[in-house]
Amino acid sequence: MKVSDEVAIQITKMNKWYGTFHVLRDIDLTVYRGERIVIAGPSGSGKSTMIRCINRLEEHQAGSIVVDGIELSSDLKNIDKIRSEVGMCFQHFNLFPHLTILENCTLAPIWVRKIPKKQAEETAMHFLEKVKIPEQANKYPGQLSGGQQQRVAIARSLCMKPRIMLFDEPTSALDPEMIKEVLDTMVELAEEGMTMLCVTHEMGFARQVANRVIFMDAGQIVEQNEPEEFFNNPQHERTKLFLSQILGH
Amino acid sequence: MKVSDEVAIQITKMNKWYGTFHVLRDIDLTVYRGERIVIAGPSGSGKSTMIRCINRLEEHQAGSIVVDGIELSSDLKNIDKIRSEVGMCFQHFNLFPHLTILENCTLAPIWVRKIPKKQAEETAMHFLEKVKIPEQANKYPGQLSGGQQQRVAIARSLCMKPRIMLFDEPTSALDPEMIKEVLDTMVELAEEGMTMLCVTHEMGFARQVANRVIFMDAGQIVEQNEPEEFFNNPQHERTKLFLSQILGH
Amino acid sequence: ATLDDVKARGELKCGVSTGLAGFSAPDANNVWQGFDVAYCRALAAAVLGDPMKVAFTQTTGQTRFTALASGEIDVLARNTTWTFSRDVDLKFEFIGVNYYDGQGFIAPKSLGVASAKELDGATVCIQTGTTTELNLADFFRANNISYEPVPIETNAEAQQQYLAGACDVYTTDASGLAATRATFENPSDHVILPEIISKEPLGPLVRHGDNEWGDIARWTLNALIAAEEYGVTSANIAELSSAPTNNPEINRLLGTEGELGAMLGLDAEWAKRAIMAGGNYGEIFEKNIGEATPIGLSRGLNAQWTEGGLLYSPPFR
Amino acid sequence: MATISDPPERGFRLSQLIFDTRYRSMTIQVVAMVLIGLLLSWLISNTIHNLEALGKDFNFGFLSQPAGYDINQQLIDYNNQMTHGRAALVGILNTLLVAVLGCALATVLGVIAGVLRLSNNWVVSRLTAVYVEGFRNVPLLLWIVLIFALMTESMPAPRDFRGEDGSSMLLGESVAITNRGVYIPNVVFSRSLGGNDVAAPEPEAPAAAAATTNMAGTYGASRIATGGAGVQTGQSGTSAAAGGEAGDGAAEGGEVIPTSSGWDWLLILAVLIAGGVGAKLLGTRAAHIQESTGKRPMTLPLQIAAVLVPLIVVLVGLGASLDKPHLGGFNFDGGVHLRNSLIALWLALSLYTGAFIAEIVRGGILAISKGQTEAAYALGLRPGTTMNLVILPQALRVIIPPLISQFLNLTKNSSLAIAVGYMDVRSTLGGITINQTGRELEGMLLLGLFYLVLSLLISGVMNLYNSSVKLKER
Amino acid sequence: MSDTHAQTVAYVRDTMLDQQDPPLNQVGAVKWIRENLFSGWLNILLTLLSLWVVYAALSHLLPWALRGIWDASNLSECRALAAERYGADASVACWAVLAERWPQLIFGFFPKELYWRPILAFLLFLAAVAPVLFSSVPRKMLWVTALAPFALFWLIWGGSIWGPIAAILGFVIGWAIMTYAAPKIGALLAVILAIIVPVLYWLFVCGPLAGALASVVPLSLQTVATQKMGGFLLATIIGVSGIVLSLPLGILLALGRQSDMFIINKFSVAFIEIIRGVPLIVWLFTASLLLNYFLPPGTNFDLMLRVIIMVTLFSAAYIAEVVRGGLAALPKGQYEAADALGLDYWKSMRLIILPQALKISIPGIVNTFIGLFKDTTLVVFIGLLDPIGLSSSIRASTDWNGVYWELFVFIGLCFFIFCFSMGRYSLFLEKKLRREHR
């Protein structure tokens, strides 16, 4: 696993408010291509908001976000470009229930990338095999288990061949026995060198694959470090408190 | 723990179909008074169906079931008699959400056994103490945790003073930390000599209290034995496979 | 029998229309007023001795006959045209005519029509559920001219349509036209065309089969008419009935001579009470729809036969 | 299952009827059956007795007797010499007409209002809320009456169009909005397929014209009723004036008068359908191209052309021209007359039902979780594409079943036509006919059957739809 | 384990940042207006259009309504006053008609000196529905609810108090049979008896008993005939009795529709579909024109009662569908648990299933009631004087002939206030249920 010098995401002094509530405060973050970053922090600390800003599901009000050299502004073209470079997986999968698994995976390639259907389907089958559910291709999301659905969601993002993947608590809506199958998929992805930002509470996963763990609290990045250091030797008071809680149970 | 010679349940050549699907095939089973039987088997093997036949939540189509000397036929009076002899606990507790815990427990004694309300409440409190939640008597089911709810469900069955208790996966809808409290209640019950049939995957429980473990597959009783023997020395191929899966994880 | 029912109930059930100016409408004190209402009150006075003992049931053009046939009402006094089929086929008994009417047209003066025959292509508002629409169809067919019917459920609605100019002419019974015109802001801007295209004898009716009740209803109406003919009014009736007069007809009518009341199954003073309830026919007419009222109808056909009209009560004998 | 081990035959005991589950439900059903039967026969025997007492019988002969009354709006030929049955049919068609028009407009209004109510424009969403709540919470009858009154009070009468300073017609003197309704131009053809023989004043002509009109429902639609001569009262010749003015024109001489007949409209309909199919084919072709190359060719202009070009060709071929309404004796003549009663009923039904539909649409869109939009955006889909491919297909499943039951309500509510004198089936069959013939029982029975069949048909369609779009679940 | 790059800077924040105010364009009225009214061309257009619509409507309505005349005794006087005050062709409302006739619009022809009775009845009605609608009201109030129908009947129609009391006795008999006889003769027989005996009692014993009691202790209110009811009183009576009476029937139909007994199921389905498939107005005409055909010769009860019967049947079909939804929403486990405890069908329905299903159904029932209440206006077509019918009667009097909008505005407003608040209530309830179900 190697990390290049190339910058994938550059966030500078980014601030965001919901109404008068200051959710993100002076976020500075540089992500290098190939890096795998795990973001942790107590509930409400702004983790989701931060990664949702990266593909403009939320608008930031101050500072800048540059993804792959493209600055995120209200320019629609830039937004489109960035969104097709950045894949995202949600806590609740958000598969389209009226489309089959295969159609879920080919929808965006066909309509956004304008890829012929046949070719899109081949790509889709390739990624479905990768997440180990090619045989479900013609079923509907409602017919799959939660773990399978989340793997489809990952495959769906991958079909757009994104250079960066964002994960927002991909395993927290799953039953324990399903968590593993999703994490396995993600580990595999990490091993292939995909740039990943992942909000998660799975500390085992963090130890195993992350280059860097970022700890957020109250809308700020409080501490970041390599996983080993981070877990064994947290610096900040809040990090210590958080780790004691999360590892305790 | 002693098992008498008296027969509590006698099932002979019982068969059941759902439409054209043959769910239970030639079930033969004799349960003695005081016996504690654990039923295991893969999903869909007909475990639930079998014990639901015993108190006629499902109708069997061939063979006979005799409970406490009363033959289960389509005669309503017999059905009523058997149901008030046989208590049942479900996977999803099925407490009545519009009644308090105490009302849940006194409902059947008052309306079926025609016991004066006062007396029914005393009995109910007695059993609620037994399952260690007397202080919740005036709450509603929605205000309790899953484990507490399942214990109430057990107490509710006990209030009818049944001679036989059926459990259908009583712990499988519970969070891990709550499983124990329910199992403890059941162990206690077993120690008092209640005749129990329990569908469960908790093999620890089986080892601890069962007189006999029954393994079902594809609607048939494939193997039955004492727990020690069953776990250490399974005879049948399917049993071995099943045990390897269930103990493996 | 109906008479016994009414007596036992202590109340007469009378069907009237849901509201037609001058004929039946409730006032602000919940008391029904009008020409048809007055007949019901007279009947109640004759039978029960109290003109206020009437329960009025409102009926529409569609529900009135069922209400009567089912016994929901004892008598229907709702400007209903006496026709063959209603009398024979629908099995009712018309007990007389309390208003001789005919269907006419009203049109704005500005339209410049002088006769209904000039109405080729005109839009005509009609009230549905009456004989009106059949008469209208017959009239235009007979004259071989075309028209556009606009059916309207109630008189009030029709009036509003007509005034707004949504139809060129409005047709209904002439009495209704007059009544309607009376309430316009400028009545003189509208003319009632000379053609009366149908005969509309309006009268109260009862069910077939109870002739005693029919007799009471019929002779109560006749008593009101006869009273006017003989000059018996609510002003002089007390005096006339205190002692036999030298007009035997009046004596028989007012019960000071003969047994007419007993023959009807009532007491001797039945007619006296009926007349006292609202006056004789002429008084009722003047009070409710006469020229002094906003309705402003002249007697016309409804004058006594002695004055060139059609009102003619059979003798009380 | 040969070895059914029933309890050894103890013989049948009476108590089994109540206590044995096998017989118990049978017993209950038999008892219920008997009770229902008793009730029904009681009702029927009462009816027979009552009919006897009234000296009435039960037969439908009245349907073939002459009706004697006129109906202002007819989609098929009718005059007062025709039968009650025919009058009922005219009423049925009128009911269907206002129902179809109402459903269409209500859907449009409802969808617009539903979407606007979700708008983040505060004024707009408040205003639609006022519309929705206002119409939902006031009885429909009141709205019908109010709208009817509003139209008669606020629009000019035809006579106001006379003179210099009078009201003027819209759209190049072709549309007149009056308090008797709206007059719009009618399309007539100088080379009509079936109409020319109408000009011949032979006695057979009316029959031929009537035959053509009966065969073509489309023709009727163009004739919501022709202006001026709404009701032809002549017994013979005048009813031949199928095209409104044609009868008068025929008197003027032998030249060919522009007119329209059912065949013309059938042809136009056929061309329209063909055009629609063509457009659809173009769409499919585009989809194929997209599948193989990934690029979707522009098809909209082509599709529009596919519909329009043949239509124009046919119209020119038939020699189409507009028959504009113009002031006649008392009214406007010519053109198509949309009567106030129809418009008021139509508007009121649509506005009222539209308010309910707006709520359904809003609910349907809200039911699709925000996550779906976000997921689509995150995949790079544009808002428009997201709407078409992700939100709408899902929202429609939620929307359509209640939508159809609103259509059903609208159809049933159209019976309130009575309030504005619109001659629907309730006013003809269930109103004047019953009133003239005294056949309440038969008339109401037929009326009820008509509505029942209609609503069963509609709900049948709904069930089909429901089962076809049901989401697959585990 | 990972060959971490040197660029990965370890970082620890030393000072925590404080909450800051957002940039100016993110808050306040400016932002609100920009986002809500003028974000984009389409929005600007829509805003202007809406404002114009509002202006156009109000500029016509407000002067008309606000300058209305309140003091006149008939229409011509009203017009004269308007001309005098605001000039010859001022168009203003003539509210005087309401000032004179509003009691009639609300109470119909109910005797003026007895207005306290419908008012008291209405208050009693509110007290009776409170425990059903609001779960915070003490359960004891349910007794008021159970007794209210009889008291309401007595208050509105008057007559001897013994009639309603004798009628209540019928229910008591039924209840007694259910509780005391059921153990001895079995549930099914008890149910049958508990229906038949009270019915026989009502048919044959109730009347004479009430008569006898009345002659011993004459306690009665002045009777008011149904013809005297009108206006909103009539609408409310029909609406409320329709819903209340249809509830038991609707529940039975819903149970019938859920039943797997073929005949009962099909009968319920047929009944529901037939009733719902035909417009209410047709049923009302049936009530007024045909119902007499179906009853034994000579029976004849007044139109309002017939309308109430029809409306009851009609709303029963709708309630059945609402209740069916409630039944279907209950998990199967509830039925099974009741069975497993040995409760029989009727007991499990009464104690377990219906209490829960009905609670879920209340919003639907309220909505049905709103619909029904609005539909009561249709009785005008069969000659009952509901508010709309009364408005035509009022216009038929010579004083007010020609008055139009004022009456309709008043009636519409009354309906709106009533239905709107009911609608809000049912929304509130739905939200609450949704919260509780999670």
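Letters A, B, C, D and E mark the chains in the order given here, with residues in each chain numbered from 1 onward.
Here, a contact is a pair of C-beta atoms (placed from the backbone, for glycine too) under 8 Å apart; a residue touches a chain by one contact, two chains touch by 3 or more.
Remember, it's a predicted structure, so these values are computed and weren't measured experimentally.
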item	value
Reaching subunit B from subunit A through chains that touch each other, fewest steps	2
Chain whose Cα centroid lies nearest the overall Cα centroid	E
Farthest chain (mean CA position) relative to subunit A	C
Whole-Å separation of chain centres (CA-atom averages), subunit B against subunit C	84
Centre-to-centre distance between subunit D and subunit C (centres being mean Cα positions), rounded to whole Å	42
Whole-Å separation of chain centres (CA-atom averages), subunit A against subunit C	88
Interchain centroid distance [CA atoms averaged], subunit A/subunit E, Å	52
Interface hub residues of subunit E, defined as touching at least two other chains	285, 289, 292, 381, 404
For subunit A, residues contacting two or more additional chains	none
Residues of subunit D touching at least two other chains	18-19, 24, 145, 149, 418, 434, 440
Touching pairs - complete list by chain label	A-D, A-E, B-D, B-E, C-D, C-E, D-E
Touching residues (chain side subunit C, partner subunit E) in the complex	11, 18-22, 24-30, 33, 55-60, 62-64, 66-67, 69-72, 153-157, 159-160, 182-185, 293-295
Subunit A-facing residues of subunit D, complex	290-296, 369, 371-372, 374-382, 385, 389-390, 393-394, 397, 471-474
Contact footprint of subunit C on subunit D as seen in their complex	54-55, 68-72, 80, 145, 149, 152-153, 157-160, 179-180, 228-235, 238, 328-331, 333, 339-341, 418-419, 421, 423, 427, 431-432, 434-436, 438, 440
Interface residues, subunit E side, partner subunit C - complex	76, 79, 100-101, 104, 108-112, 225, 227-228, 285, 288-289, 292, 298, 300, 302-303, 381-385, 389, 392-398, 401-402, 404
Subunit C to subunit D touching residues, read off their complex	61-62, 65-66, 69, 85, 89-91, 110-111, 119-123, 128-129, 133-134, 136-138, 140-141, 144-153, 157, 160-161, 164-168
